[in-house]
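Read through the structures below before going on.
You will see subunit A twice below: alongside subunit B first, and alongside subunit C after that.
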Partner chain A sequence: MGAGPAGLAAARILSEHSVSVDVFDQYPRAGGQYWRHAKNEPFPAESFKTTLTSSRLNWLFECSIWQIESEKSGHTIYAIQNGRTIERTYDALLIATGAIERPLPIPGWTLPGVMTAGALQSLIKGQGLIPGERIVVAGSGPFLFPVIESLQKSIQQSSSSNPSSDIRIVGIFEARKLSRWLLNSVGLLLNPEKVIDAMRFLINLKREKLRVTTGRVITSIKDTNSKNVKRISVMPLKGEKVSNNPTGQELDCDVIAISYGFTPDLTIPSILKLKTVNKEDDEIVMVDSNQRSSKLGVWAAGEITGIGGHEIAIREGEIAALDILGKGGSLTSAIRKIDRWRKQIFATGLARVYKVSKRWFEWNADDVVVCRCEEVSRDEIINSFRELGADSVRTSKLFTRAGMGMCQGRLCHRNVQDIARVFGSESTKISRPIGGAVTLGELSD
Partner chain B sequence: MKHFKFDDENIPFHDGESVAAALLRAGKWRFRETRKTKEDRSLFCGIGHCFDCIVVVNGEINQRACLLEADEKLSIRKQLGVN
Partner chain C sequence: MKPLRTEVVIIGAGIVGAMCAYYVNRAGLKAIVIDRGTVASGTTGAGEGNIMVSDKSPGPELELALKSRDMWFEVAQDLGNEFELVAKGGLAVSRGDASSLFELSNSQSVAGVQTKRVGASEIQELEPFISKAIQNGVHYPQDAQCQPMLAAAHILRQLQRRGLEFIGHQEVLKIERKSENLTVRTSTLEIQSDFVVNAAGTWAGEIARLAGSELPIMPRRGFILVTAPLPKYVNHKVYDSDYVDNVASSDADLQTSTVIEGTQSGTILIGASRERVGFDKSISVSVIQRLARQATSLFPILAGAQLLRVYNGFRPYSPDHLPVIGADSLIPGLYHCAGHEGAGIGLSAGSGKVIAQLIKNEIPIVNPEPFSPARFQMAYL
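Moving on to the complex of A and B:
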């Protein structure tokens, strides 16, 4: 399940053996978010091209899985493709459904023109569109780098093809100070190539006369009277708190791309009731060294077992596939496990460097919409804990409807979880009986 | 260039482009109004997760503009609440 880096890496190994494999993905093409590409573009990762055309693999694209039943005879997947339900039973399942981008609620973040950094990336790379003229990129974490890089590249292309175009990046704000990289010293020692990546990025920025302002967060976004122009307030972040020293700044822009990293998409693991553990405040699927989950015959790989990027995801997908083939103890698997270990140390360090403050909801005294679908605000959620007796994300949802809208909590769950950790007492774990939109007709069948 | 309808206007699009991208290219940032506060919303996550960019497509509500490929056969309306 999932044709991103982890799923494809597993499919590549499985396709070399005589097993029959179905690959499910909700998008029309393989690649996941990392190798997202336009319809007429070649697949971005050369080494997977033959996998995509392998006759051993059966691709089920634009397919949304909404239920899985596990019995002795196997695991039965129920999915919808083109309005029809597919029902198929398997001996082994590999879940590689990736992560969801995590923006933080900021007063004004529902205004048109404010989007996730991933949305900006998908418009640039997938659609060839730079959606504004004065662009701000803000948030925290390594994902800001590739977004800024592709933005720079497409701005250069657009000014060379149209000299009158005047598109500019007017601000880059990273919440965490560079000094926090000390928290990842071991990771850097084990992964020296990452230092080279970072240097290359910083040199590129300098060439374009851009700089990343660190230790700053956007605390409000206000509509101006001028068409689509917004005024943002940027304040220093000291530890977990917004400070007034040095004083903040205001800035006008039309597009604001925000990213505070990613959170594992536990929709399908929660249908299967897989055991989860807490890693750097994120709930992740618990797996053993061969990527086996808590349920027999179910493996998990990639971001759902811990945010780490595509390279770890590939290794995990390969390790899972080898174990599915009964080669979990082989030398090929052992070599991949060592590489996974080295990369995981870096990823864990990175998660510490760019850890999102649990107290983000205190950065601005003004109330803010947290659940965008149901328009539920921070103060309503806090009130459900303080006054109404909610003690978990789930009970707060019953009082406020936060997480009950069209996106089913995909965007707000992680943020409500932080509020629940401060004001609640009960488990904040996710539980979802159905994995996607399904009609009553399909359910009754 | 090919077009699709958005309310009463013709919106041009490139082949393979999403409805959301074509709308933004044409400067149309307001895709829908929310149910409770009638706030304008637009593209937000860009990958089909958030459902903020929903529009009415050929009479069918709640269609995600970021996932939908632009086509001449589409007649699109700004979604007002659930209509």
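Moving on to the complex of A and C:
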């Protein structure tokens, strides 16, 4: 389940052996979020091209898996593909459903022109479109880099094809100071190539006369009198709190791309009731060294077992596939496990460097919508803890409806969890009993 | 650790516990409510908020339901209706032979329920999106609904301003009788009181055992399907008349029949599956499919509705499907108020009042005999 880096890496190994494999994905093409590409574009990763045409793999794209039932005879997946019901039973499942981007609710974040960094990247990569002229990229974490790179590339292309075009990045704001990289010194020592990556990126920025302002966060976005133009307030972040020293600044722009990293998409694991653990405040699927989950016959790989990027995801997919083939103890597997370990040390350090402050909701005194589907505000959620007796995300949700709307908390669960933690609650496991889109009519067939 | 002292300890902060607290407080008694979790973390948090008179045959439960339904509106008057209480009305329909539905509604109306027989055109008027195949029905204007979690939370919060104490996250370890007192022990507390009210819902049997008594309360699983928000396709609580037969059944096998209703947030709830499976919380595809099929045949327009989630709640029930309300036969000072099955929200106000009246030695609003725990405890005496 999932044709991103982890799923594809597993499929590549499985397709080299005589097993029959179905690959499910909700998108029309393989690649996941990381290798998202337009229909007419070649697949972005050369080494997977033969996998995509392998005759042993049966691709089930645009599939919505809404339920899985596990019995002794196997695991039965119930899915909908173009209105058609799919019901198939498998000996082994590999879940590689990836992560969801995490924006933070900032007053004004629902205005047009404000989007997640991932959404901006999809527009650029998928449709070759830059949706404005004065662009701000803000948030925290390594995902800002590739987004800025694609943005720069696209700006260059557009100015070479149209010399009068004047699209510019007017600000890049990273919440965390560079000095926090000390928290990842072991990771850097083990992964020296990452230093080179970072240097290359910084040199590139310099060439374009861009700089990243660190230790700053956007605390509000407001409409101005001129069309499409937004005015943002940018304030220094000291530890977990916004400070007024040095003083903040205001800036006009028309596109604001925000990214505060990713959170694992635990929808399918929650249907299977897989055991999860807490890692850096994210709920992740608990797996053993062979990527086996707590349930017999179910493996998990990629971002759902911890946010780490596509390189770890590939290794995890491979390790899982080898174990499914009964080669979990092989040398091939061992070599991949060492590499996974090295990369995981780096990823864990990175998560520490760019850890999002739990107190983001106090950065601005103004109230802000946290759950967009049900329009539940920060103050209503706080009130459910202070006044109504909520003691968890679950009970707060039942009082306020935060997380009960169309997206079933995919966007807000992680953020409500932060508020809940500040009120002393333990974390609520994600529960999404219906995994994907399915209509009553489709169920009635 | 200095023990706390109060007149009444109420175990359970669901809607039944909250209503017990309300009437005990009104009776002028000092009370503490405790719960193993927080407010409404059990069955109350997994229900539709039904306050129904239409699904009950004449008898003690209907008598209590009618009184209780009116008391809900009094509570809302007193504390403020911050829990979406509304008399939306119920509509029971029949696809085939409606004689048993009409027989029931006749007897209900003799018992004091407002009923009105409706034919195809009136049904279409009440529910413009209902299947044209539906020819017969009965409209029950008294049926009401609320948001039960908000109700329990609001009632407890308001009562705290009137002297009630609520302490969450207290799992009861032991209930002991010492001289004139009952002592409730939790992991961190010891509370001495004159009376203990067991309003622990599906866990009520466990609480009775901790006090040295017995109570046959068991969990019965129910699913509710929730759709994505839709325009107002369903105005009333609409159900197949075979639902009524189903409620009174004690067959352990799965039984489903549909109850469909809209909520203020636009979602449509499809409920009423009941099966007895202990505390296993897994969801079964066959039940979901069956409920979906029944819903779309009643309201064809729902075929395009997206299923958003499924709740899975456990309803506490007793062997004769009547709630257990009254004094324990073995332990003086211990009262039970549990086992309301799928009717707990509706019956909670009346049940709480009866408990307060029994504690105060007043004549209760309904004859408490049929609800007495003694009916299950005779064997132990």
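Here, the second predicted complex is superposed on the first by the 439 of 445 C-alpha atoms of A that agree within 3 Å, B and C clash if a C-alpha of one lies under 4 Å from a C-alpha of the other, contacts with A are read in each partner's own complex, and residues count from 1 in each chain.
As a working rule, contacts are C-beta pairs under 8 Å (C-beta built on N, C-alpha and C of every residue); 3 or more make two chains touch, one makes a residue touch a chain.
The structure displayed is predicted, hence computed values, not measured ones.
Once chain A of one complex is fitted onto chain A of the other, the partner contacts of A:406 extend to both subunit B and subunit C. By the document's definition of touching, of the two partners only subunit B reaches A:120; subunit C does not. Shared-chain residue A:375: touches subunit B; no touch with subunit C.
Of the two partner chains placed around the shared chain by superposition, neither subunit B nor subunit C is touched by A:221. Contacts of A:112 after superposition: subunit B is touched, whereas subunit C is not reached. By the document's definition of touching, of the two partners only subunit C reaches A:67; subunit B does not. Applying the stated contact rule after C-alpha superposition, one finds that A:23 touches neither subunit B nor subunit C.
Counting contacts as defined above, subunit A residues 405-406 meet subunit B in one complex and subunit C in the other.
Chain contact summary for the complex, subunit C toward subunit A: residues 37-41, 45, 149-150, 153-154, 156-157, 166, 168-169, 225, 227-229, 265, 267, 270, 282-285, 288-289, 292-293, 295-297, 302-310, 312. By the touch criterion stated above, subunit A contacts subunit B in their complex at residues 26-27, 33, 36, 38-40, 100-101, 110-116, 118-123, 126-129, 131, 228, 372-373, 375, 405-407, 410-411. For subunit A in complex with subunit C, the residues that touch the partner chain are 66-67, 69, 76, 78, 273, 374, 387-392, 395, 398-399, 401, 404-406, 408, 432-434, 437-441, 443-444.
Within the complex formed with subunit A, the subunit B residues making contact are 14-18, 21, 24-25, 29-31, 34-37, 39-52, 54, 62, 66, 69.
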